[in-house]
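Per-chain numbering from 1; labels A, B and C assigned in written order.
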Amino acid sequence: MSGLATNLRVVRALGMRSIRQTFRRPQLMAPIVVFPTILLAIQTGGAGGAVNLPGFPPVQSFLQFMLAGAMMQSLMLAGNSGGIALAVDIEMGFTDRLFAAPISRYTIVLGRLAGTAALGLLSALWFLAIGLVFGAEIESGVPGALLAIALVTATAMAVGGLGAAIALRSGSASVVQGLFPLVLVVLFLSSAFFPVDLMIEPARTIAEYNPLSFVVEGVREPIISGIDASDTAAALLAIAGIVVLGLILSARALRHRLRVG
Amino acid sequence: MEATVAIPAWRANLATIGALMSRAKNELLRVPGAAIPGVLAPTIFFLGLNGVFGALTQLQGFETGTYESFIVPISMLQGAGFTGAAAGVNLARDIEQGWLDRLLVSPAPRWVLLAGTVLSASARSLIPASFVLAIALVLGAGWPGIDGLLVTYLMVAAMAAVAACWGSMLALHFKSQSAAPLMQAGMMALILTTTAYAPLALLQGWLQDIARINPVTQVVEAARQGFVGEVTWAETWPGVIALAGLLAVLGALALREMRRTAA
Amino acid sequence: MTAAIAVEGLERSFDDVLAVQGIDLEVGEGEIYGFLGPNGAGKTTTVRMLTTLLLPTGGRATVAGHDVVGAARSVRASIGVALQEAALDPLMTGRELIRLQATLQGLPGAEGKRRADDLLERVDLVAAADRRVGTYSGGMQRRLDLAAALVHEPRVLFLDEPTTGLDPVSRKTIWEEVRALNDEGTTVFLTTQYLEEADQLADNVGIIDSGRIVAEGTPASLKADLGHPHIRLQLEEGSIAEAEEICARIGSLLPPVDGKTVLVEVEKGAADIPRVVRALDEAGIAVGSLELVHPTLDDVFVAKTGYHLEQEGEESDGDEEAVRA
């Protein structure tokens, strides 16, 4: 087992590769940002009247409310696509070479996450920009924007870790791909697209306990009102929870893969 | 040495369309689990939309008490869009694998080949539509009545045909399955930039403008009738005209691409 | 009698690449025409133009008396086609495929059923007829493809590399079938990269290289044109280069197939053998083996193009040609 310095170098190298791969083929990247943008436009236009509902949180506009949800959608897609990329690496045998090298197994996952993080960062910036262009201000200004960006990037990596775990366990890109509808379901059953209090049962109860809801609130609050310590803490806790889950699943998947070969 | 047995052209064309539709059903019947994505996607959207945006019915201007009734026709149409786009993806795969060459080298007219793809998509779209409808009815959507049901199914089948023309056009143009996201996204955008989420009056600015001119809005309104009220001819014929127009345009474009495969 | 296939100045370009550069050929009724050439020569492109899958960018062609551009539908009704990539659906059964083909050709249902039964028996696929095509071996798929191409008893049959990638037994089976079809009067246009195939099957051979026909004629006449046999030498001892130099003084050297063999064309055939052996002996070069070889299509190919179609003991893989419609 090699030193920290070597592992860091490897993570950096794999990270650069992962980022290069992501941006080399824009047509694969586009759906991750374009689909949620289209959906954002449609949902804002279609359900925008919701701001008049009693109980709707005070916002400048429905768009302002929805930005967080759009970012979440993007980052879920990014995590899914990172998992697919890792699964392709496994299918092609690239990871076998890495496994055979005297480096920590986790460098493989961490390196892959760099690409996912880059995508998360990009989508956060993109939607904040869209908000600004279409008149949705960020209420808490630059600090709020930075907080939102940081949370989105961190969540992207956390979700990417889950995607990586699934990739390691299944070794198949089409399995990871097939889980995408599930990703959508989990997102629907959160506060991503609507205030939880106004949702209909049983979706409402599920959304109340969905860790993604806490993340969404953590990203949304700085945009629609101000930075709230407890919301931010809850979001970080939820992200940590996802990261831990991802680590546990990845560790087990790695052990399984090395046993099975 | 040419075949001495001959049947009238119209019968041969009909038989060919039937045979191509028969082949298309293999996809569902002989590949385990193939039907699932097509059924799952609109169902998830239905359940998700309903759970998330259901409170919109509290707003003034909504014509119905339950959001289920309002959006179930949308989910059914979405299923049709998905099925039609999938037919386009299958055609792209057939092109990549050389199967289309077999059809193109035969004396069958090009429109017959296209009709096989389009009509089988129409027929297939009834499956996810029925599934979503069943779930919606269980969850409390109002029964649309036989007339409402027939109109809705007609709109769904025709929408699937429109989507299949769109998908086929892209498949024949790009000759590759990588055009699949464009096939899906195009139909999604077409169906959702209408009165999908809310009545026209409640739509915001730009979406209201688009929904006003989008022909699919007429299709949505026609398909929705039975679920939110009475079925009348006045509400139905604009949807029929819209679908006829879309079929004419996209069908012509798809046929043109089919004819240009030799270029 | 009109030619079954008549081609005049046929051309096809893709962007800047001229894949087929103005070819002329004629195939008579009841003939087997072999189109011989390496991968990328333009064989498949030509077949696709003659079967109306691709529009020519220059020249004209008629098949069974119909123009491939102006009367494409009539062409399609008269031809049977088995392409290089067998256009089969893995989910269908063999029988279903032939019956679908019958429907595409406008045959009534009962007739299609009857012909399917007959054809399946003819190509020996009765046992597998109701199994999915995805379970068939390569040879079975080709036989099925051939059977489907025959369902409407076409006047002209196009076979694009019908035996590429097949084992020798399957290859022989296809050859027998092609001969049988031809005996019944079907004109056959086949493309191939195998010299033996062209030699064995074709009445007329057209050699195509880089989009042009470089030689045409019956296998016998093409070989006779060359006239001269060649000597094939392998040395036991001594330098190849020196041996080549010596042989070059007696006859004309042919391009080598590998680094161990010397090939020299000799006018007088067997009579030149002693001269060669003596000359080499005097130079202290010991001959390991020596053979007198009469002209083959490979020699014709080499004479016309400057290189061998097949390396000794190797056969080309059935790689797809770079140009595909």
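FYI, a contact is a pair of C-beta atoms (placed from the backbone, for glycine too) under 8 Å apart; a residue touches a chain by one contact, two chains touch by 3 or more.
This one's a predicted model, so the numbers in the text were calculated from it and none came from an experiment.
Of all chains shown, B has the CA centroid lying nearest to the centroid of every protein CA atom. When every chain is reduced to the mean of its CA atoms, the largest separation from chain B belongs to C. Between chain A and chain B the centroid-to-centroid distance comes to 32 Å (mean Cα coordinates, whole Å). Look at where the CA atoms of chain B average out and do the same for chain C: the two points lie 47 Å apart.
Centre-to-centre spacing of chain A and chain C amounts to 57 Å, using the average Cα coordinate of each chain.
Within the complex formed with chain C, the residues of chain B that make contact are 1-3, 5-7, 9, 12, 15-16, 18-19, 23, 26-27, 30-31, 97-109, 261-263. Of all residues in chain B, only 37, 40-41, 44, 47-56, 58-59, 61, 67, 178, 181, 185, 188-189, 192-193, 196-198, 202-208, 210 touch chain A in the complex they form. By the touch rule above, chain A contacts chain B in their complex via residues 27, 31, 34-35, 38, 41-50, 52-54, 62, 181, 184-185, 188-189, 193-194, 198-200, 202-204. The residues of chain C lying in touch with chain B in their complex are 51-55, 73-74, 76-79, 81, 83, 85-89, 91-92, 96, 99-101, 103-109, 111, 132, 148, 152-155, 185-186, 325.
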